[in-house]
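I'd like to ask you about the structure that follows.
Letters A, B, C, D, E, F, G and H mark the chains in the order given here, with residues in each chain numbered from 1 onward.
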Amino acid sequence: MNALKIKKIIQECLTDGQSVDQAVDEILGILQTKEAQIDLDREDRCGLQEVIYGKGKSTDQVMDIINAMTQKGLDNILVTKAPQDMGQSLVENFQGTYDPSSGIYHYGSYPPAKGEVTLICAGTSDLPIARECLLTLKSLGHSCHFIQDVGVAGIHRLLAHEEALQQSQVIIVIAGMEGALLSVVGGLCKCPLIGVPTSVGYGASFNGLAALLAMLNSCAAGSAVVNIDNGFGAAVLASRILNLK
Amino acid sequence: MNALKIKKIIQECLTDGQSVDQAVDEILGILQTKEAQIDLDREDRCGLQEVIYGKGKSTDQVMDIINAMTQKGLDNILVTKAPQDMGQSLVENFQGTYDPSSGIYHYGSYPPAKGEVTLICAGTSDLPIARECLLTLKSLGHSCHFIQDVGVAGIHRLLAHEEALQQSQVIIVIAGMEGALLSVVGGLCKCPLIGVPTSVGYGASFNGLAALLAMLNSCAAGSAVVNIDNGFGAAVLASRILNLK
Amino acid sequence: MNALKIKKIIQECLTDGQSVDQAVDEILGILQTKEAQIDLDREDRCGLQEVIYGKGKSTDQVMDIINAMTQKGLDNILVTKAPQDMGQSLVENFQGTYDPSSGIYHYGSYPPAKGEVTLICAGTSDLPIARECLLTLKSLGHSCHFIQDVGVAGIHRLLAHEEALQQSQVIIVIAGMEGALLSVVGGLCKCPLIGVPTSVGYGASFNGLAALLAMLNSCAAGSAVVNIDNGFGAAVLASRILNLK
Amino acid sequence: MNALKIKKIIQECLTDGQSVDQAVDEILGILQTKEAQIDLDREDRCGLQEVIYGKGKSTDQVMDIINAMTQKGLDNILVTKAPQDMGQSLVENFQGTYDPSSGIYHYGSYPPAKGEVTLICAGTSDLPIARECLLTLKSLGHSCHFIQDVGVAGIHRLLAHEEALQQSQVIIVIAGMEGALLSVVGGLCKCPLIGVPTSVGYGASFNGLAALLAMLNSCAAGSAVVNIDNGFGAAVLASRILNLK
Amino acid sequence: MNALKIKKIIQECLTDGQSVDQAVDEILGILQTKEAQIDLDREDRCGLQEVIYGKGKSTDQVMDIINAMTQKGLDNILVTKAPQDMGQSLVENFQGTYDPSSGIYHYGSYPPAKGEVTLICAGTSDLPIARECLLTLKSLGHSCHFIQDVGVAGIHRLLAHEEALQQSQVIIVIAGMEGALLSVVGGLCKCPLIGVPTSVGYGASFNGLAALLAMLNSCAAGSAVVNIDNGFGAAVLASRILNLK
Amino acid sequence: MNALKIKKIIQECLTDGQSVDQAVDEILGILQTKEAQIDLDREDRCGLQEVIYGKGKSTDQVMDIINAMTQKGLDNILVTKAPQDMGQSLVENFQGTYDPSSGIYHYGSYPPAKGEVTLICAGTSDLPIARECLLTLKSLGHSCHFIQDVGVAGIHRLLAHEEALQQSQVIIVIAGMEGALLSVVGGLCKCPLIGVPTSVGYGASFNGLAALLAMLNSCAAGSAVVNIDNGFGAAVLASRILNLK
Amino acid sequence: MNALKIKKIIQECLTDGQSVDQAVDEILGILQTKEAQIDLDREDRCGLQEVIYGKGKSTDQVMDIINAMTQKGLDNILVTKAPQDMGQSLVENFQGTYDPSSGIYHYGSYPPAKGEVTLICAGTSDLPIARECLLTLKSLGHSCHFIQDVGVAGIHRLLAHEEALQQSQVIIVIAGMEGALLSVVGGLCKCPLIGVPTSVGYGASFNGLAALLAMLNSCAAGSAVVNIDNGFGAAVLASRILNLK
Amino acid sequence: MNALKIKKIIQECLTDGQSVDQAVDEILGILQTKEAQIDLDREDRCGLQEVIYGKGKSTDQVMDIINAMTQKGLDNILVTKAPQDMGQSLVENFQGTYDPSSGIYHYGSYPPAKGEVTLICAGTSDLPIARECLLTLKSLGHSCHFIQDVGVAGIHRLLAHEEALQQSQVIIVIAGMEGALLSVVGGLCKCPLIGVPTSVGYGASFNGLAALLAMLNSCAAGSAVVNIDNGFGAAVLASRILNLK
C-alpha cells in the first residue's frame, strides 16, 4: 500500500463521512461488511481478488459482500457453490449470470483471455464440475480447449487427442468413479497436470473418495490433485501456472 | 458319496484298525487332523480340493494337515501365504517347491495344462502377487500368457498387446497404486476380467485401499475384483471360467 | 473398421449433408452429441454397446444421447440408475419400458436368450438390485434362474436348491447386511461366482461397506465382487462368461 | 461389606503393622500396589474377580499385582494378552501355566466345571483366540464342547453338528475373514449366541474390521458381538449367562 | 417336521386346491409369497418365528407377507424399521398397532410375560430405540424394568438403581454419543449385559460409530454389542437368555 | 443437600399433594418428567444446570422438561441444536428467544457478564456455530470479544488483532475446511485455547473430519479440541476456565 | 524485543565473532542450527519456550538443537517422544534425565511448583502417557495430584476421590479403550477438564480412535480433547489455565 | 520415432546379434529386462525418462533395470524409496550416490540448473521428504531456494521470508501433523503452489491422513496436493511448471 492510496483513504474519511475505523481497516487492506471482512489486498498478494464461497452463507450475507465490493469499484465478482435460490436472488438483485448446474454466479465484465487451458472431462455426469472450472477460468482471463466424454473405457476417444495433449501448456483432468483418466493423460503429455476427482459414482465411490485416492496414487508423475468437486481450485492453480509465462 | 466308497471306508475301519469315529467322518467327507478338519468332498462339490492358508498357522499345524492329506493319497497340495521359515521347513520335510516372493508352497505333481489365462501385471513391484496367481493356475491345470510391466503411465506398452487382449478367454489384471490398469484393459477386450488390487504403494494407497476402490468403481463393465493381494482367488475364479468350456 | 464401413460413412457425408467433422468422428468410432461422445466401436471391442449411466445426468442429456443412438440405427438401448422423473420422461418421449424399483430404462427389442444365469437374492429388500441385474441380462440375451429370499438365517431354504447350484454355469449372489450368502454358495458350486453387495441394512452396514468387505474376504475361493449395488456390472461379467462357450 | 469383614480389617491394622491408609482402602474394597489399585469388591459386585490385562504393562507391574493378590489369599489369577517374555517370567517366578499361542497366563487352582459352553472355531488360524476363550472359561468354572475348523466354505462340516447346536445352552462363534459363520449358526440354534471376530485375514480384512462389521450386521437375530480378538470377553459373557440357571 | 404335519399338508393339497409345489415348500418349511419365502421352521429351529424387516421393502411386499402368514394361522407378527407411510397402511389394512417413533408395527396377540429384562436408556433422544427394544420384548413374552434418562454425566441417577442392577437377570443398555453407560453399568452388575449403540449425536459421533467403538472396547467384561440402533436384536438375545432358565 | 432443603421437600410432599416418590427423587436430586429425569444437583456438582439437547427429541418432550424446570423455579434455560419447528413452538408457548441459524433457544434472564472470552471465527459460513458459542457464553454470564472472518488465507487480518490475542484470557477458535486457524492463533497467544472444528466445507472435508484431525494434530501446544460443530461445549469449557479466577 | 536486547545482540556480533546473519536472526527471534530454526521469542509470545519433538529426528539433529539452546543460556529443556537410543545418547552427552516409559528427556533445572493439576489415569497400561504429562507439568512449574488405576469398571475407586475432584482447579483424564472415564469425571467436577485418549487397547480400539471419538462425544460438557497419546499437550494447556490465576 | 532411429535399430539387430523381438520392442519404445519393460519413449512423451520406484522391488531387479538403461546410454538415473540395503548395494555395484534419509539413489551426471524452486519445509522431522524433493529437482535440472523449519506455531519465522515468497516462481510446501503451512503460504504468494503432506506425527495424524485432508481443504486457492510423503512427485510437477517458461 503506497502513500497515494493511504492519502486517498484518509481524504475519503474526511469528505465522505466514512468512519475512522473503516479508514484503519482499509489501510490494513480490510473491507468490513456486516458479517465479513473482505481481504482487499489479496489481488496484490495472491494475484486474485477474493472469491465468495456461497455454501453455508445466507443470501443476505452474500449480497452484503457483493454490495461492499461493488461500492469499492470491484468488478468481475465470482460466487462459487451457490445454491439455486441464492443464484436466482443474485441475478434478480444485481443482474450478472448464474449457471445452475455448477452453482457459479458471476457479476461484472470478464478480462480478455490471456492463455489457454486444456480441460478434459471424463463423462457427461462430471460436466457440472467442468463448468465450475471453465467459468472460473473465464473470470481469470483464460480460455479452454475443452475435451469431453473421453473416459478410459474407450481409450481411443482420448488417443484421438494425443497431439493436443502434447501441445498443451497446462491440463486439468476431471473424473469421478475410479479416476483413472489422470494416470493415462499423465503418460501422454509433458505439461503440468491437475486432477479434479468428482463425487460422481455410487456405492464404493464413497462420494469421490475412490477417485481422490486413485489420483493421489497416480503412477504418472507430474500431476497433483485438488479437493473432490473443486473445479474452482484447479482453475486458479492453472491460471497461476499460465501467468508465469 | 456312492455305496462303493462307503463300503471301502467301512472295510478300512475293520481291517486297518481305523476308529469308528474316523469312518463316520470320512463318510461325511471330513478328514480329522489334530487341529483341523479337512473337507474331502470339496473337489466333488467345488471342483478344487482344499488349499491350505499358511498365514496364522504354525508350521506344525500345516505339516499335520499335509501328512493327513498325503496319507489319503492326495497329491497336488498347495499352501498359500506361507512365511519364509514355514516354507523352508516344508521343503526340508516333504520336498516340493517353495517360492519365497509369493509365499506359495507346492507339493506333488501338476496336472496337464487345459487352458490359458492372460495375466497382466502393472509393475515389477506387483510381481509377488502375479507369481502367487501364476503358481496357483499351474496347480489348477492352466497355463499363462504373461504380460508384465505395462502400467498405464506408458499406455503404448499395453496397446502393443491389443490383439492378444482381444483373443484372450479370461484376463487377470494385477495392479497396485491407483489400479487404473483394470479400466483401460476393460475397454480393450471382450472376455471376463478379474482385477487384483495389490498393496504396492505408500501414503494414501492405505495398503491397497486406493487400488481396491478404484477397481470396484471401474467404468469398464465386465470386470470384478478380489481381495487386495489375493492372486490365489483370482486364479481359482479364472480356472472356473475356463473349465466351463 | 473395414473399408466398406469407411466408404459408407464418406458417402453419407457427401449425400446427407453430414459434416466432415462428424465423418472423422465416425471413422474413429465416435458419435458426437451435444455433451457426449458415444463410443460406437465398443460393441466390436468389448462385445457390448455403450450403456447410459443415468445418475448425475440431466434428462435432456440422456434424451440427446438416445436420439443420436437411434438415428444411427442402434436398438436395445439401456439406461441404468435413472431417477424416477427421468424414467417417466423417457417413456413419454421414446416409449420403451422403465422399472422404477431398479431405475432401469430399456428401449428397443431384446435379443433371444442364449444362456442362463443363476441369480440368487438374499432378501426381499435386495430385490431392486436383483431386478437391475435381471433386466441387464435380458438386454444382453441371457435368461435367469431366479432364486429369491434365501438368506443364511434359514440355510435350508438355500440347501433346497443345492442341485441347481451344482448345475449352474455362472451364479450371481446379491446380498446386503453381512453378505454371508456368497461364502455359503461358494462352498456349494463349481462354477464362477459373482458377488453383488447391496446397501441394504443400517447402522454399521455403513451403506453396504460391511457386505462389500465380507464378500471380498470370502473364504470360499472362486468368487469375485463388483461395486455395492452394481447389479448391472455383475450382469455384464456373467454375460461375458457365458459368451465364452 | 459387612461388620465382620470391617472388624477383621481393623484388627489386621492393629496387629499386623498394616497402615491406616491401607485399612481405609480395604474397607473401600481397594488393594493398593505400587502402580495399581486392585478392585477387591469386584467378585461381589460382578461375580468375577479382577483379571490382569497384560498388554502395555511391564512384567514388573504385573508381578506386583499378582504378589498383592496372592498375599490377600486370592487364587485362580488370570493374565490376558501377555507377551511371550512376560509369560515366561511369570512361570519362572510364580509357577502357574502360560499358553504362548493365546497369551493366557493362569496361576492357582481352577474351580470345578459348572456348565458347558459350545465353542465353534471357523479355521485353524483362529485357534489362538479360541484358546484364550477356552482357558478363560476354564478359570470361570465352565467346560467347553469344542467344534473346530468348520468354516462356511464346507457347510456340511457344520451341519454335522446341528443336533449339538440345537441342544447348546450358549454358543460362542470365533471367525475371521468374512465372519459369516455367526449368521449360519444363528439360523440353527435357539440359545444365546456370541460372536468373536478375529484379525485373521489380509488385505481388505483390515485387521478384523470386515469380520466385525459382518457379525454386527448379522441377519440372524439372537447374537451379539465382542471386540476383535476378544476371546476373553466372550467367555465372561457366556459364563454370566450360564450362571443365571 | 413329524408325520402328522406332513399328512396334514398333503391333505390340504388334495382338498383345498393347493398346488403340489406349495406342498413341497411347506414340507421343506418354506412359505412362498409373490416375492418372499417365509421360513416356517424358524420357530422350531430358533425359538422365534420370522420377523419382517420393513426398511427397503414396499408396503405391498410387506402386506403380501403378512397375508400369507395370517392365512397359515400365524399370530403375533412383528414388522421392524417400518417407515411412517407403511405403518399407517398396515394399520388401515390389518388393524394392529404402529409406533411411529420406533417404526414397530405389531399384529395379533402378545404372549403372557415370562420374564423381565432391565432396560436402561441413556437419554431422551435414545427413546425410539428403547421403544423398539421394549415392543420386541413384549411380543417375545417378556416385560421390562425400564430405567430411563440416566446418562453418565449425572452418575448418581444411575447409582440410585444399584440394587435393581444387582438383582437383574439380563440388562440392555441403550446409549448414543460416547456410549460410556455400558462400561459403568458393567461394573455394577453380575448378569449378562447387552449394549445397543445408537446414532444419537452429531459431528464426530459419525452416526453412532463413536458409541459402537466405545462399547466394543468396554473395559467392563461380561457385555456384548449389537448393531447401531438395533433395539430389536438386543431384545431377541435377551429373550434367548431368559428362556434358558 | 442440607437439612433445610430436605425439610422443605417433605413439607411440599405433605401440603402440595406431591407424591412420596417425587419427594425421594428430589432428595436424590432428580426431577422426573414424563420421559426424562432432570439432574437438579448438576449446578452444585458441575457449576452448570442441565442444558437440553434438542436434536432427536420431540417438541413435546422438550416442553415437558421446560415446564418441569420452570415449576421448580429454574430460570435461564437453554436448548441446543433445536430444529426450526421446535424453536418456533417454544417461542409460541414460553416466549424466550430462538436463533434459527444456531438452533439455540433461551428462556429466562441472563446473568450479568463476569468475564470475557475471545471468540475467533474463520469464515462467514462458520457463523452459526460461532453464534451457538456466543449465546451459550451469554447464558453462562460471559461476554465475547468477537473477531470474525479472519481465515488464514489473509493472515494480515488476524495479525491486526495480535495485541488482543496476547491479552486474552481464553480464546475459542472456530474453523471449518482445513482448520489451520487454531495453529496460527496458538503461536500468537499465551492463554488457554479451545478449537471448534466445523462441518463447513465439501468433498474431502468429510463433514468436518479434516478440520477435526488438523486441530488435534496442531503443532501449537496449549490447545484442545471439542466435537465438530460443538460451539456449546467450547463455551462451557471457556466459562469453567474463567470461573477459576 | 526491546532496545536493550537488540543492543546486546549487536555487541555480541561485534565482540564474539558472531556473523551478521546470526544477529539478524536473533533480532527476529530465530536461532539457526544446522537443520533447524529455533523460535527464541516463543516464551515471550506463548509463555513456553520451544520444546523438541524427538520422533522422526536423528539424535544428531536433537543434539545440535540442545547445544544451540544451552549456548544461548536456555535451561529447562524438554525433548518429547524420544526413542530409547536417542534418550540414552542424550544422557551420555549432556547428563539430564531420561524416562524410557514415556520417552521424555529433560535437561537443566525445574522451576518451583506454582500450582497443582489433578491427573487421573484409567489403567496401569496408560501410565507411560501419564508420565509424559506429569514430567511436562514438572518442567512447566506445576505439581500433580495423581489418581491412578480408577477405570470405570470399578466406579467406587473413582467416587472415593469425589471430594478431591470437586476441589480441583484443572483435571486431566488419561484413558484408552473406551475412554468413558472422561464423561464420568465430567459429571463430578466444576473445573476445566482435559481428555487424553491413549492407544491402549486392541482390535476395534484402532490405536486409540475409539477412545478419541468417545471423548469428543462426551455428554459431560466442560471438557476438551487433545491428540491420542498427547500427554504433553494436555500438560501445556493445563499449565496455561493455572497461569491465568 | 524417425526413420533414422529405426534404421539404426535394425542395423544393430543385423550386426550385434540382437534378437528380432528386441528390435520390435525398441521400435515400439520398449526396453525388455528380465522382469521389467522400460518405457524408452517416456522422455519424448513426458519430458522425463523412467524413474525406478525402489520399494517392493528386489535389489537384483533394480540392478537389472539400471544395467539395461546404462547399456542404452542412459545417464542421470534415479531410484526412489530405496531401502538402506538396496542403496548400499547399488553404490557398491555402480558407484553413484545414495542418501539414506530420503532413500534416493542417483547414478550419472546432473544436468545444469535451469530454474529455481522455493522449497519450504515445516519441521526438522520432515527433512527426509524435503531431501527426496531436492535431489529429484537436482536430477531434473533445477536448483532450490530452501526455507526450513518454519512451522506455523512461530509464524514470524515464515513472514521473514515474505518477499522471497512473493518473488518465487513455484513453491513446494512440505508439512506433516496438521499441514496448516500450505494455507498460510497460499495467502502470501502469487505463484503455483504444491503441497506435500508427510506422515510426520502420531495418534490422530493417522500416518499423514490429517495433513493430507487439511491440504486438500485449504481455503487458499492456487494449490494442489500430491500423495503423502511424495517429495518426488512434487518435484516433477514443479519441474514441468518451470519448463513452461
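Here is the rule we go by: a contact is a pair of C-beta atoms (placed from the backbone, for glycine too) under 8 Å apart; a residue touches a chain by one contact, two chains touch by 3 or more.
Everything numeric here is computed off the predicted structure, so don't read it as measured data.
Visitor: Select, from A-C and A-H, the pair of chains that is joined by more C-beta pairs in contact.
Guide: Taking the two pairs in turn, the one with more contacts turns out to be A-H.
Visitor: For the copies chain C and chain D, give the interface type as same if over half of its residue numbers appear on both sides, and as different if under half do.
Guide: Since more than half of the residue numbers are used by both chains, the interface counts as same.
Visitor: Where among C-D, D-G or A-H does the G-H interface show up again, with more than half of the contact pairs the same?
Guide: Overlap exceeds half of the contact pairs only for D-G.
Visitor: Where the CA atoms of chain E average out and where those of chain F average out, how many Å apart are those spots?
Guide: 36
Visitor: Averaged over CA atoms, how far is the centre of chain C from the centre of chain H? Could you give it in whole Å?
Guide: Result: the chain centres lie 42 Å from each other.
Visitor: Nearest whole angstrom, what separates the Cα centre of chain E from the Cα centre of chain H?
Guide: 58
Visitor: Find the geometric centre of each of chain F and chain H from their Cα atoms only, then give the gap between the two centres in Å, rounded to an integer.
Guide: Centre separation, chain F to chain H: 49 Å.
Visitor: Among the residues of chain H, which ones contact at least 2 other chains?
Guide: In chain H, residues 42, 45-46, 123, 153-154, 186-188, 203-205, 209, 212, 216-217, 220-221, 227-228 touch at least two other chains, as defined above.
Visitor: Any two chains that touch count here, so list every such pair.
Guide: Listed in label order, the chain pairs in contact are A-B, A-C, A-F, A-H, B-C, B-D, B-H, C-D, C-E, D-E, D-G, E-F, E-G, F-G, F-H, G-H.
Visitor: Given the complex with chain E, which residues does chain C contribute to the contact?
Guide: 101, 123-127, 148-150, 153-154, 156-157, 160, 200, 202-205
Visitor: Show me the residue ranges of chain A that touch chain H in the complex, using the header's touch definition.
Guide: Within the complex, chain A touches chain H at residues 42, 45-48, 51, 166, 169-170, 186-195, 212, 216-217, 220-228, 232-234, 236-237, 240-241, 243-245.
Visitor: In the complex, go through chain G and note every residue touching chain H.
Guide: 28-30, 35-37, 39, 41-42, 45-46, 53, 55-58, 61, 65, 81, 197, 199, 207-209, 212, 227-230
Visitor: So in the complex, which bits of chain D are touching chain C?
Guide: 122-123, 151-155, 159, 177-180, 182-184, 186-188, 201, 203-206, 209-211, 213-221
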